[in-house]
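Structure below; questions to follow.
Think of it as A, B, C and D in the order they're written, each chain with its own count starting at 1.
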């Protein structure tokens, strides 16, 4: 039972980590209608920015600032140079253009920074454990990641629901001309939103830096997972992304934790391991397929 | 009479000069993009260092190393090999890091009467029934990595272990290899998935299983993530961990930082080996590339040295049995020390225990602790008829 | 037997009742106009009849057959044709191609893979005939994008006619037309009157009163009056709720 | 369409056909067998892209999982050869090395997968469709990665090429012509399909789905049929690929491969028959030239892909044709 609680917490933690990445992606899609495959690249830029700044200055707080700045700036440049030309285009061209961007960013990082993975350590203040249940220490850093994930969820909700910019964003996503009629420069609003989405991707990257590996291609590993999540939730819905993230985090973690022993009940060891491993690899895709077959526009469809 | 002698001498001179001028092209197919790009980069740089030391030659023969990125896609590797073979008329190949790429590329090279010298991948089929006179492996037979780790676990006296590896071929081979020389108890084998980056579920499970040690095989970025999460979970202070070389190379240790300290691995080479060849290599690598040498760099370098020794003996010729005879002699000092080819043209060499420690400057260093296996060959040689 | 019957049909969008207990019987070969102020529920009514919207209550039947649960294509196959308020045509196709697609639909399934459909007389001749009926034959080879607004509306009508419908549902066919174009459309519709059952939804009152056999008035999701033009025109409730309001 | 353009187009097509037929002979004369291998690769990709274009260009369906059907076709051939080599049977059937059995079977396997995945995926649309097709391809990929019996992620080698009606296809030239003939067949069939009744409905549903439903079509059935045809074409491509490379691996089904196929189709130009062929050729030539030129090929290749998406939405063929075709 304690193990189950711990595993559920692990799933929740993974879910919140994915949410950090999914939030920016779904925001950008919901408002501008752009599929941005390069979101993973912005994630990488955030992690690299933070790791390089922290290595240079020796301060992880400056590292965070560096990572956020690098990803927001990259997002800004990408929006101005490329993405703004894609708003009215078919998804197909958005997919293609941002697929090209992935290649570009991976090559560029190899060229500028080198191919070796970077060092990014847990900040000393967060490197201990907290005893969440007797006998079960839980890494402080992971709790911090969860806290950041929840804060971002809350912050985004407040931002969209309560602020003037948020109101414009909501209006802009449904009625461009109305917002334009209010005298708001919609182009600038979109640049702002895209940069914000990029910064959220960067935040996700720098948060997972101390947990995972800061390396070229780190974005693509999580990119598909992130898309899965926002598709399950209903593209454009922050609430959907949140629920989808938690769902996928839990399914993935609990699947890996319990499928092997489940299979061993009625199969021999190695076959059970193989099958359980395969099934847990594809479990999340299966969940998405089932969700979409039953609800073709995700759990929380956003009305057009 | 004099005239005849002169012409003979002239002819001989001519032969010598053409032999000296005949450049040998080496096709170096390796992985430069993808997250694993640093492996290929190091192997290539190690190889090129050996060529540079001789001023563009190996064993006195001018060589041209043509490098191309296989993108970790077997089909692309195969395509590059075809181009090298058919367009550039290259006969001598090296460079492949990954076994799945090797599996696609090597048969085509051998069928075209090319020669392949592997600086890293050593998949089992080519060590056993599919072994070939024109196929050499200078690094290891893949199982060696895990056998040595198993031997180390046995030596350290572990009795109840949990073994983890990704759910693909190399991962399954790792666990088989480990068990071959380990011999102790295994509480559970855990298979992770290919692109997994979060291991908290597995770690919670390990905590509940209470093993005395863990063996895990996660190369590259997965390995870094595993080490970081292992340290964060607090398990590092409670449960010992043994890994194979690809899960704790110099780059992984540098990227994992303090999380790597105390982890043990096995390898056939380490940066601190005191032999002269290695000292020169490590210093030369640092000077030329301004970074620390890695196991992949040493393998690239040693591969070039072995090719150089063979070229020296044959006078730069590839197309006769002489090259093979010379190659198999391995008459050169390698960075790793003692080395010879086994009957299947795979290495017979020593394996060492390596430990990650904190260096004086605060960085992480890999330190050689002692020998684990001596003159170790592989289990497939007996299936090879050469 | 009535061509189309709506029996206590209800459609809700949240709290809004866009169709509030609508009952209506359209007689065979009748030209029946439906009028009402903006927001009265005319678009909803069309959606319900075509099958794009599913009612929350009530039944719809066509020629005595209950079609409430039928999909859009199935209703179309059963003889229900429509035009769209905002022209919906296949842009990259020629006018003739657009009509031929409707002919093809009428002929049954289209799982024929290798014969060039543009060279099949069985498709092209009826298509040209339909274009002829709406005076558009000279524009047959033009791409849809090259047609004028009025021509596009005529093409809509040709597409609807090409499937030889039993019931024709016209959603504001004169919308956005100039006077001359409107007159041509009225003439076209007058020519069709009595040959097919037509349900006409239209804002142009002159057109409605000159064409319709009967008129239904829809206000706030309810049918407040159905009857011949004169009866509707003189109805007090209609005048106060609608005509009066506008005048 | 002007007569001048019609003439120019005919000349171009004839020239391309002549070039494709002459290529192996010229290459043989120049002693460059590699050119033949490269060209064969091009033909195979062109075939896959042509099939993809049917759903992408004409059907408007962005399938981001097309590599799955390509991989399944390849694996069908490899698995049949593997069982022949081992002397074992699969599902009660013995292995085979005969193309006349293996290639149609590859198409059937890919077609069945496309039928199942397509039937589920086509319930969605837009981004959801893109992502669900990707998800199915990923599932297939992971299954083959874990399929240890057939080599897992190390893949499966073929000892030799398939025989064709009992005859061995040894040399590169013969195999090239086999691929060329099949490509011509596929192009011919797809070209006819696009102007057939079926093709008209498919294109119509892309242009305006509501309109098509209003005149009595259910687009779903037509789309699913097109999806299966595209899957079968990819399956045949995969079968040929397995014969060319004499090797299959899950890498054939990777999502990046699906991205490559999309890029090829778009690069050449959607809704044209020549487009996918030109696209596949350009893609392969650019990528292989660049990666031979510099190890940082991605830094140049990426922006090229971006530029195509931004500035040449109608692809290379579209640029060539200008306003003449749409």
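To be clear about the criterion, a contact is a pair of C-beta atoms (placed from the backbone, for glycine too) under 8 Å apart; a residue touches a chain by one contact, two chains touch by 3 or more.
These numbers come from a predicted model, not from an experiment.
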Partner chains that chain A and chain D have in common | B
Overlap of the chain A and chain B neighbour lists contains D
Looking at CA centres, what chain is most distant from chain D?
-> C
Length of the line joining the C-alpha centres of chain B and chain C, rounded to whole Å = 75
Let me have the rounded angstrom distance from the C-alpha centre of chain B over to the C-alpha centre of chain D, please.
-> 36
Approximately how many whole Å separate the CA-defined centres of chain C and chain D?
-> 43
Where the CA atoms of chain A average out and where those of chain C average out, how many Å apart are those spots?
-> 48
Which residues belonging to chain B are in contact with no fewer than two other chains?
-> 32-33, 167, 193-194
Residues of chain D that touch at least two other chains are 142, 145-146, 148, 297-298
Inter-chain touch pairs (all) | A-B, A-D, B-D, C-D
Residues on chain C engaged by chain D in the complex (per definition of touch) = 50, 52, 71-74, 76-77, 81-82, 84, 88-93, 97, 100-102, 104-106, 110-118, 120, 123, 143, 159, 163
Within the complex, which stretch of chain A touches chain D?
-> 29, 35, 82, 85-86, 89, 91-97, 99-108, 110-111, 224, 227-228, 231, 235, 274, 277-278, 281-282, 285-286, 288-289, 292-293, 296-298
Residue ranges of chain B touching chain A (in the complex, touch as defined) | 32-35, 37-38, 41, 167, 189-198, 200-202, 204-205, 207-208, 220-225, 228-229, 231-234, 251-252, 254-259, 291
Contacting residues of chain A [partner chain B, same complex] | 3, 6-7, 10-11, 13-14, 17, 106-107, 110, 114-122, 127, 129, 136-137, 139, 141-142, 208, 210-218, 221-222, 253-254, 256-257, 260, 269, 273-274, 276-278, 280-281
Across the complex, what residues on chain D touch chain C?
-> 189, 192-193, 195-201, 203-204, 207-208, 210-218, 222, 225, 271, 326
